[in-house]
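Here is the structure we will look at.
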């Protein structure tokens, strides 16, 4: 039985990677228990890898008005609209973990309007999907709708920028046929053992 | 804590349902261990319920050139295109069980082109999605493409009819905000214990 | 001169059909003066035929807040959006007969906004078309808009379910290239002789 | 009972119109037995009226490789795509008369792929619909496909120009809510009495 | 080095054209300093040429509530939506000249919402784009929105008719691959020398 | 007279920026003669700024099978599809400079099929637009089509990654209403003085 390919492009071996990239990957592996494929597949181009993860960290790891689970909801909803298997599966897993909710990721990926989320979060995802699909039509009325839910302009930048960054990320994953690790499919679905 | 509603419309109690409907539901409960919400929510209209499940059974339970897993793939792929949470989640579970594959349902729901399925199955799903989204343009060339993969005309009726039936089913679920049972989310994801 | 085919698939002869199907078809023929092709073409699959007409009858023949003409308007408008020749022509004829109006079917098939119908009926068709084309986005505001026109929640189920059933029906007709009987094209266009 | 309006805009009386316009309208009335509403509604703007009918006549009345019925098919198919009630109904009638065929107009308006027309005519309508809906993507391969059916480059100009002219015409009719005369709905549907 | 073709079709020589067409072209050449290619390429069909320019002049040269620059904005915005290189470039140049503004044409062609124009002009272009792209859905509420900005019903006819005429014009240019003159690209971009 | 805003968000002053960002901006200003607004507007978020320009430089400044002008064509074509005024205008200018061609940017922004570019470049832009608009459907056949034009797999990554990066960039510019500098509109349109 063969292992399915995780990219159309050559995937570098961990030991052949530049030190900074290798260090970050080992750190992720330590924490997650496995190396998410995005770290290895994009390392085919180290300069792009560094920019990609710097951007990712700037948006997903920062403090601000959005919770970590809300940031992942934006990723899952817009990746659903873009038909990106990697991001739906991998970020769906992270969303389940952050939200401590085994159901919400599958709901948001399929149709956020039917998900177990707040009206504020639905407004956030409506905006994110407009940035993802129809950003040329974003206008003052869209900002106003979010402000009514208490989002600040910095929060709105976060929402839009995450949708924009995953517009890039989804396209790269679709381009290279990036495959999600098998581990992600089950992650966060089972109650924590005590 | 409140239980989330499973339908916009009143949901009948099992004991109040006509005998034939109750009998079928008890049979399903016996087999599955729980009552899938579609059986209760649609029972708000018994005559439609009977037609719905008669149609479902005629298409999904029959013998023919498509495996049961392939029939469920059609459901999951077209429900993904229609943004139907209930059908993606419930039939995704059934697909995992029939295919004995914990990954394929999430792949097919997101983007069948990147799923671990055969080229024949990809051709089947391309046809099913054309029926789901653009049936007015179905023509001889679409039949020819499936025949090249060995599908008979009766198989093609099956593919098209399943896509057509779930065009109905997805719209009903979206109309009434049908909620998938929590059990479906995890079903078929864990290896069978021995 | 050859008779054009009424289906891509074999069309059973009336005398070869199961008794229950034959009986219903003879009844329709008695009433209409001819056998609408949908009764013969779908009889290629008796189990699906029974479910199809049971569903049809449950939705189109019942009592309720919608008139029979309004039910047919929903069929004609959504079939227009789906490019289904059979349903536009056959149900256009039935609409003309029920509405006692020779013009309304062609108007509704082309663009309901310009039809000789009431604002309440235009709201009904806007909802039906959203179910037909974009059911994933149906939400509370759509229900509210219909309630303002006096529709009950049961009426709304009727509207949505008819749109959903003809989502199935249109796809089947497009799949098998179902041809409308020549009789339908003229039916209901001439004033009744006295 | 009130007569429905035939335009959102004021409709001039025949006797108030400039002589050249009045003369043409009387000629049409003589021939058709009634005045098609497009002649009166567009006469609200005489200069535009003159250009409109000069263009119409240059395309629809000329000699060339397309029959008159084929020209009307292009009008009906593209007007169907544009949701223009006036043009579907009025030109549908003219198509029935020219083609001496009571069925073809309703078929072409709904879905030309299922109409009783030749493969050459289907290729013609596929091209016309691409001009109507997606003209920016017209390329050499589209010209090549028509040449294979024996169309000359002048025929192709005709096809494209008719689709382009009715892109204008459909938009004007939709803008002013132009209503087709009741006479058009039945025209060409009955066998000629002998 | 070869001169690029300005049309897929034969381009008549000025001296071979009918007198009325030649006279108009010489007049334009006198004024503009060159012959815009649309005058030569469409002259392949003199009868259509005469109707085309009669229509153009009736809409673009008349008095009314819209300024000449506003009329050109409508052309540029709708031509942008239709992907018509000729009309974007040629009418972009004319817009720059009429508006005495070197920036506005490129802005409007790309996304009118971000252009240096008034809210009234943005409402005008939103309506024009709806006529261009979705005229079947134009309704009372669209008229009401323009009236709130002070547009009269005659102004609205102008806006809609210009969008409709360039629906035709863009399709003809795309059909024949009409090439804009090199002169248009720079016209109106430089401050007038004194 | 007021200067139009270049962003919805606060724009930092050059002197307040971190040293590394300030240094890069001064270098660009030195070379271009002005500071492109993207450098100042995105500096509202320094961490994102650094990742953005690192990504930009990794894709646009590298060696490889695509010329610099070809890279800019991809930006201009996909930004046209996304309705991004900033990127069309700014990268249109850069394209004119790199291609030493005053016409090509306006052509590619409007409709690459009608641009003065090679068939190889048209294939490149067709792929880039599929990544921009429909990346979920990218498949082997798209790679094969580019390989037939001599593109290597690394070239294809470049094409796809540039389209993906500007999917992000266009969305950020639309989100914050980034305004192109006036200088860009004219840049590269005039022959170099000698």
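Read from first to last, the chains carry the letters A, B, C, D, E and F; within each, the first residue is number 1.
The working rule: contacts are C-beta pairs under 8 Å (C-beta built on N, C-alpha and C of every residue); 3 or more make two chains touch, one makes a residue touch a chain.
Model, not experiment: these values are computed from the prediction.
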{"item": "Smallest number of contact steps required from chain B to reach chain E", "value": "2"}
{"item": "Touching both chain A and chain C (chains)", "value": "B, E"}
{"item": "Pair from A-C, E-F or D-F with over half of its contact pairs in common with A-B", "value": "E-F"}
{"item": "Whole-Å separation of chain centres (CA-atom averages), chain B against chain F", "value": "44"}
{"item": "Between chain C and chain D, centroid-to-centroid distance (C-alpha), Å", "value": "28"}
{"item": "Cα-centroid distance, chain B relative to chain C, in whole angstrom", "value": "24"}
{"item": "Where chain E touches two or more other chains, by residue", "value": "83-84, 111, 136-137, 174"}
{"item": "Residues of chain F touching chain A in the complex", "value": "8-9, 44-45, 47-48, 50-52, 54-55, 57-59, 62, 82-84, 131-132, 135-138, 143, 153, 156-157, 160-161, 163-165, 167-172, 174-176"}
{"item": "Contact footprint of chain E on chain F as seen in their complex", "value": "4, 79-80, 83-85, 88-89, 92, 102-103, 106-107, 109-111, 114-116, 174, 177, 179, 182, 185-186, 189-190"}
{"item": "Chain D residues within the chain B interface of the complex", "value": "111, 113"}
{"item": "Residues of chain C that touch chain A when the two form their complex", "value": "136-137, 139"}
